[in-house]
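Structures given as C-alpha cells follow.
Next, two complexes with subunit A in common: one pairs it with subunit B, the other with subunit C.
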Partner chain A sequence: MSLQTDKRDFSERTTDGLGDSFMRNAVGSAQDSLKTRRLSAATALGDWEQWRTAGQQIRQHTLQNLDYYLEQLAGNIEKKGGHIYFAATKEEASSYIRDVIVQKQAKKIVKSKSMVTEEIELNHVLIEAGCELIETDLGEYILQMDDWDPPSHIVAPALHKDRRQIQRVFTEKLDYTDDESPEKLARFARKVLRQKFLEAEVGITGCNFAVANLGAINLVTNEGNGDLTAAIPKTHIAVMGMERIVPTLAEMEVLDNLLCRSAVGQKLTSYITVMGPSAAGDTDGPEEFHLVVVDNGRSDILGSEFNEALQCIRCGACLNVCPVYRHIGGHAYGSIYPGPIGAVITPLLGGYDDYKELPFASSLCAACTDVCPVRIPLHEQLILHRQNIVKENRTGSMERFQMKAAGRLLSSPALFGKTLRFAHPASRLMSRHGRIVRGPELIHGWIGARDLSQPVKQQDSFRAWLDKRKGESGQ
Partner chain B sequence: MTVSGNHHTSGNNKEAFLNTIASKLGRERKREVQLPDIQSLLPDSYGSLTQDDLIDILKEQCFFIHTQVIESKPEILQRTLDDLIEANGGGSVMTSGDPRFAAYGLTFPGSFVWEEAAGREQNIMRAESANTAVIFADYALAESGTIVVESRPDQGRSLHFLPAHYIAVIEKERIVLRSTQAAAALNRRVQAGEPLGSSINLISGPSNSADIEMKLVVGVHGPLSATYVLI
Partner chain C sequence: MKVSIFSTCLVDLMTPKVGIAMVEVLERLGCEIDYPASQVCCGQPTYNSGYLEDSKLAMKNMILAFERSDYVVAPSGSCIAMFHEYPKIFKGDPDWELKAITLKEKSYEFTQFIVKVLGITDVGASLEGNATYHRSCHMTRLLGEKETPFQLLEHVKGLHMEPLKNSDNCCGFGGTFSVKMPDISEQMVDEKSSCIIDTGADILISADMGCLLNIGGRLSRKGESVKIMHIAEVLNHQNPVITKGGSQS
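Here is the complex of A and B:
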C-alpha cells in the first residue's frame, strides 16, 4: 500500500462511507468506548493538562534539534554494532531494505504494524522481489488475508470489518473451520503466525520512538507480535519517520504514557520494549540490526507553518473524537492516515493535487485539538490548508463564485437583513417539512450528508425578536 | 557484522540528510543541545506512599489487566510456584538463569533454563515448547501493573513471549510507583556509561488484542495468561 489507498473522487468515497451502516456503527461505538477509556486513564495521571504540556515541549524541543538527536542516535547504534541508513525518499528507503534482504538471501519475512512502511510501499517492493511477507498484527493480518484491504484507523486498522467477514476470509484463505467468535479467530491466527515467527529470516518493525542517547528503538504494543518479530529472526530491520525520536528514556516515558492513555485508554500497554542491536552473549535477538530513518517529505514540513504536525505520536485520539470521521469512516480519506491528523499530513506528504478535499472534511469543532496529547492545533492547521487551497485557486469555479457571493452578502448588514426577510418564502419550493431538500451545488453538497433547516419566517427570526425587545425596553 | 554490498557500505547518507534538516530549520548544524527540564513540569499526583500502599495499587491495577496476583513468602515460594504451574496444566517449564532461583532454593525438575551455552535454536525451541515461563522482575510498577526485565545471556528476549503462561516473581522491595521511577533509574545508568541489556521489556499482563470488533481477546501472540507472585 502507499500513502494513497483509494484513487476515486472524495465524493465517491464519502458516499460509500455514509452508506456503510455496519462501519458507521462500528466507528461510532469504538469512538464512544475509546473516548471514555481515554478520559479515565488520562484522569488517573493527575493533571493531564500539564502532562500534555510536557509532551508538547518534548516534541518541540526534539524537532528543533532534530539533526543533533539523529546524529547522536546514529553514533550510538553504530557503536553497538547496528546499521543506520538515512533515506531521503520512499524509493531509497524501500530499496535499501530490499537490498539487505537480497544480500541475506532471505525469503521469509514477518512484519509488525508500521505506518511508515505503508508510506514507503515496502510490502509491494518486497513481494515483487519474491519474498513471502506476513503482517503479524492481528488487524493487519486480517486485512492482508482479505487481499490487502486498506486500514481504516491508525490504531485499530480492521475496525470496519465484522466478525463474520473475518470468519469468511479465514475460511476461504486459511481453511479455518470454527465459528466467528473473536477468541477462536484470534487463537487460530496465533497458531498460524507462531509458525511464521519461527521460520522467518527477517523481521521488520516500525518504531514508536528512537532513544537518541541509548541507540535503541521503542515499540509500544499489546499483542507481543512486535517483540517476536524483533527477537526471533536473525535480522531485524526497524523503520522510522525521521521525527520519531526522543533524547532519553525519561522523555520516552512521558510520551509512552501519553500515547498509551490516548490511544487505547491503558496506563501502559501490555508490551513496551526498548531494543536495539544484540549484546555480547545474547542468544536471541537480531544478529544484524538495521534502522532506516525516513524523510519522504517530512523535511519540507519542518520549519514551515505546519511544523507542529510533526509532533504527532500517532495515538489516534483525534480520530476518536472527530464527528466527520465518525460519519464517513477511515476509507473515505483515501489515505493511510485518516481523521483530523490525516487531513493535515496527507496533503503535506502527498500534495494538494490528490488531497485538496481533506482539509475541508472537518467541522472545525476543535475537538481534535482539545484531545491531542501533544497539543497540535489541528483545526488551525486545517484552516491554514484551506487558505492555501483557496489562494492557489484550487477550488472549483462555481464554488468560488458562490463563496464570493456569500462573502458579499455576509459583509453587508443591510443586504443580509434584506435577504433574510425573503429567505423563508424563497426557500419554500426547495423545502419539505421544515428541511431544505433541493438546491444548487453548495447547498446540495451540504444536504447530501447533513440536515439543513429551512430559514424561519420573518416574524420568528432572532432579529425580529431582538428589534421587538429593543422597542419594549425603550432602547 | 557488516553487510557487504551497495547501499550500506557506500555510506548511510547521514551528512546530506542532516544538512537538509538544519537548512530547513534555517540554521547551521547543531553540535550541542541543552535538554529542557521536563520532569519539573509533571505533577506528583500521589503524594507519599508506603510500600503497603504500592502493593494495594499494584493489586488493584492487576485486576484491570487480567493478571492474577498471588502473595507468597520466600519460605513457601517453591510450593506457590509448583501449584501455579500445575494450575496451568503442568507441562514443561522454562526459567531464566537468574541467580535468584538458586538464592531462593528453587528447583523445577525436568525444566529448561535459558542459557548462553544452549545457543539460539535450542533456547528458542525450548521456550516455544514450554507451557510456563518463570522469571524474576527487576522492577514492578504499581500504577500500571508492569514488570520490568532486561535481556541478558541467561534471559533471552523471547522467553517472555513464547511460553503459553507467564509467571513473574516480584520481590516487594522492587515495587516502585510508576514508569517514571524505572525510566529515571535506567536513564541514570545510560548516562553513567553503564551498558543496559539489549532489550528492556516493560510487561503489563498477558498479550491481548481488540482488533476484532473492539472485543478484548486475552492471549494473542504472546502468553495466554500472566501471574505475579509477590514475596
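Here is the complex of A and C:
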C-alpha cells in the first residue's frame, strides 16, 4: 500500500462510502461506543485539559529540538550495538530494509501494525523481492487475507468490516469452517499467526515513540503481536516517522496515557513495551536491531505553517468524532491517513494534485480540534490548506467568480442594501408557494435535500422594522 | 446600557422575526438598542472557503461598523465566534490588529450577553411545550459557550426540554460545505433530523440560524411538523400555548 489507496475521483469514492450501509453502521456504532469509553478514561485521569496541554508542550518541545534528540537517539542506539538509518525518501527507507533482508537471505517476515510502513510501500517492495510477509495485527491480517483491502482507520484498520464479512474472508481464503463469533475468529487467526512468529527470520514493527536518552523504542499494542514480532525473530527492524520521538521515559509516560485513552478509551493497552538493541548478556531478544527513521516530506512540514500537524501521535481520536468520517468512511479519503488528521497531512505528503478535495471534506465543526490530545488545531489547518488551494488557483473558475463577488457584496453596505431590496423579487422566478424550487448550482446543492423559503420582502425585513419603529417613536 | 445589534446576514435576508425578538427581549431587560447600519456580514462564508483576502474586506467593514459600540450582540454563536477569530487573522497588521482585539472583547452571543454581562437567567418568558436543543458547533467549540442557553431555557415557564442523542455531532451545515459537498451534508442533516424526531419534541431550539435553516429545511422536506424556534423567539415568548404543527397562539 502507498499513501494513495484509491486513484478514483473523490466524488466517486464518497459515493461508494455513502452507499455502503454495512460500513456506515460499523463506523457509527464504533464512534458512539468509543466516545463514552474515551470520556470516562479521560475523566479518570483528573484534569484532562492540563494533560492535553502537557502533551502539546512535550510534542512542541521535541519538534523544536528534533535534530538534538535524533542525534542523541542515534548515538545511544549505536552505543548499544544497534543500527540506525535515516531515510530521506520512502524509496530509501524501503530499499534499506529490503537490502538488510536480502543480505541475510531471509524469506519469512512477520510485521506488526505500522502506518509508516504503509507510507513507504514496504509490503510491496518486500513481496517483489520474494519474501513471504505476514501482517500479524488482527485487523491488518484480515485486510491482507482480503487481497490487501486498504485500511480505513489508523488505529482500527478493519473498522469498516463487521464480523460476518470477516468470517466470509476467513472461509474463502483460509478454509475456516466455524461461525462468526469474534472469539472463534480471533482464536483461529492466533493459531495461524503463532506458527508464523516461530518460523519468521525477520520481524518488522512500527514505533509509537523512540526514547532518545535510552536508545530504545516504545510499542503500544493490545494483542501482543508487536512484542512477538520484535522478540522472536533473530532480526528486528523498527520503522518510525522522523518526528515520533520523546526525550525520556517521563515524557513517554504522559504521551502513552494520552494515546491509550484517546485511541481506545483504555487507561493502558495490554502491552506497553520499551525495547531496543539487546544488551550484552541478554539471553533472549533479537540478535540484530535496526531503526529506520523516515523523513519522506516531514522536514518540509517542520517549521512551516503546518508544523503543528507533526505533533500527531496517531491516536485516531479525531476520526472517532468526525461526522464526515462517520458517513463516508476511511476509504473515501483515498489515503492511508483518513479523517481530519488525514485531510491535513495527506496533501502535505502527497500534494494538492491528488488530494485538493480533502481539506474541503469537513464542515469545520472542530470536533477534531476539541478532542485532539496534543491540541493540534486541525480545523484551522484545514482552512490554511483551503487558503493555499485558492492561492494556487486550484478552485474552479465559477467558484472563484462567486467568491470574489461574495467578497465585494459582504463588504459593501450599499451593495448589501440593494441585495436586501431585490432578493425577494429576484427569487420569485425560482419559487413556488414561497419556496425556492430551482436556481444556480449552489442553491441546487441545498434544495436537493432541504426546503428553502424565499428571502423576505424588503418591507418585512428586520431593518425596515427598526426604521419604522424609529419613525413611530419620533427619534 | 447601550447595546449594538449585529443582526447577521441570515436574519437580514431570511428571518427578521429573530432580530425583532432579540431586540424586544434586550429592551425588556433594560438595554438601549443601537443599530449601526453599515454592518453586513462577518465574512465567514468566504473565509471558511479559503478566500482570505476577499474575507478581510468584509471583516474590516464590520470592525469599522462597530467601532463606536460599547457592546455588540448577535443572535448567532457562529458569527460571534468569527469575530473572535479576527485578532488571529489580523495579527501583525499595524492598522487592524488592535481594532480586531477591541471588537472581540466587546462582542457576545445573545444568550451569553444576557447571562454573563446582564447577570440574568430568568427573562420572564413562558412557553408551553416539549422542546429539544441543538448545540451549534461554532458556539460550543469555537466560542466555548456551552451553558448559557440552557441556563436561560431552564427558567422558561411551561417548557420541558428533552435530551438530544449525539447532541455534539454537527448538523452538516458548515456554511459553503453544505453546497460544496451536498451528498455528505445531506446524510449528516438526515441523521440529526432523525435524532430530533426520536426525542418526540414539538419544538427545536437553537442559537444559530444557519443550523436551524439546515435542520428545519430537512425536517420540512421529510414532512415533519417539528417547529423551529431561535432561542431569542423562545425567550421573547409570553403566551403559553403552542401545539405541534400549529402556530403559536
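By our rule, the second predicted complex is superposed on the first by the 402 of 475 C-alpha atoms of A that agree within 3 Å, B and C clash if a C-alpha of one lies under 4 Å from a C-alpha of the other, contacts with A are read in each partner's own complex, and residues count from 1 in each chain.
Just so we're on the same page, contacts are C-beta pairs under 8 Å (C-beta built on N, C-alpha and C of every residue); 3 or more make two chains touch, one makes a residue touch a chain.
Please read all numbers here as calculations on a predicted model, not as lab measurements.
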Output check: A:Q4 vs subunit B and subunit C. Expected answer is one of first, second, both, neither. What do you get? neither
**Asked** If you stack the two complexes on chain A, which partner ends up touching A:T283: first (subunit B), second (subunit C), both, or neither?
**Response** first
Counting residues of subunit A touched by each of subunit B and subunit C, the higher count belongs to B
Open item on the list: Tell me the contact category for A:T369 with respect to subunit B and subunit C: first, second, both or neither.
Closed with: second
Original post:
After lining up the shared chain so the two structures overlap, which partner does A:D256 touch, if you call subunit B first and subunit C second: first, second, both or neither?
Top reply: first
Message = For A:Q458 in the superposed arrangement: first (subunit B), second (subunit C), both or neither?
response = neither
Partner chain(s) touched by A:I84 [first = subunit B, second = subunit C, both, neither]: first
Given the complex, residues on subunit C that touch subunit A span 7, 9, 11-16, 19-20, 23, 35, 37-41, 43, 45-55, 57-58, 60-61, 65, 137-138, 141-142, 166, 168-170, 172-175, 177-191, 213-214, 216-218, 220-221
Note: in the complex, subunit B contacts subunit A through residues 1-8, 12-14, 16-22, 24-26, 29-33, 35-36, 38-39, 41-46, 61, 65, 114, 116, 118-120, 123-124, 128, 141, 143-146, 151-153, 156-158, 160-162, 179-180, 182-184, 186-187, 190-191, 195-215, 217, 219-223
So, in the complex, the side of subunit A touching subunit B is made of residues 26, 29-30, 33, 44-47, 50-51, 53-54, 57-58, 61, 64-71, 74, 80-81, 83-88, 92, 95-96, 99-100, 103-104, 136-139, 142, 156-159, 161-163, 166, 182-183, 185-187, 189-190, 193-194, 197-198, 213-214, 222-225, 227-228, 230-232, 242, 247-254, 256-257, 264, 266-279, 281-285, 287-288, 290, 293, 295, 299-300, 302-303
In the complex, the residues of subunit A that touch subunit C are 14-15, 18, 32, 321, 323-324, 326-328, 360-367, 369-370, 383, 385-390, 395, 399, 403-404, 406-413, 416, 419-420, 423, 441-446, 448-453, 455-456, 460-466
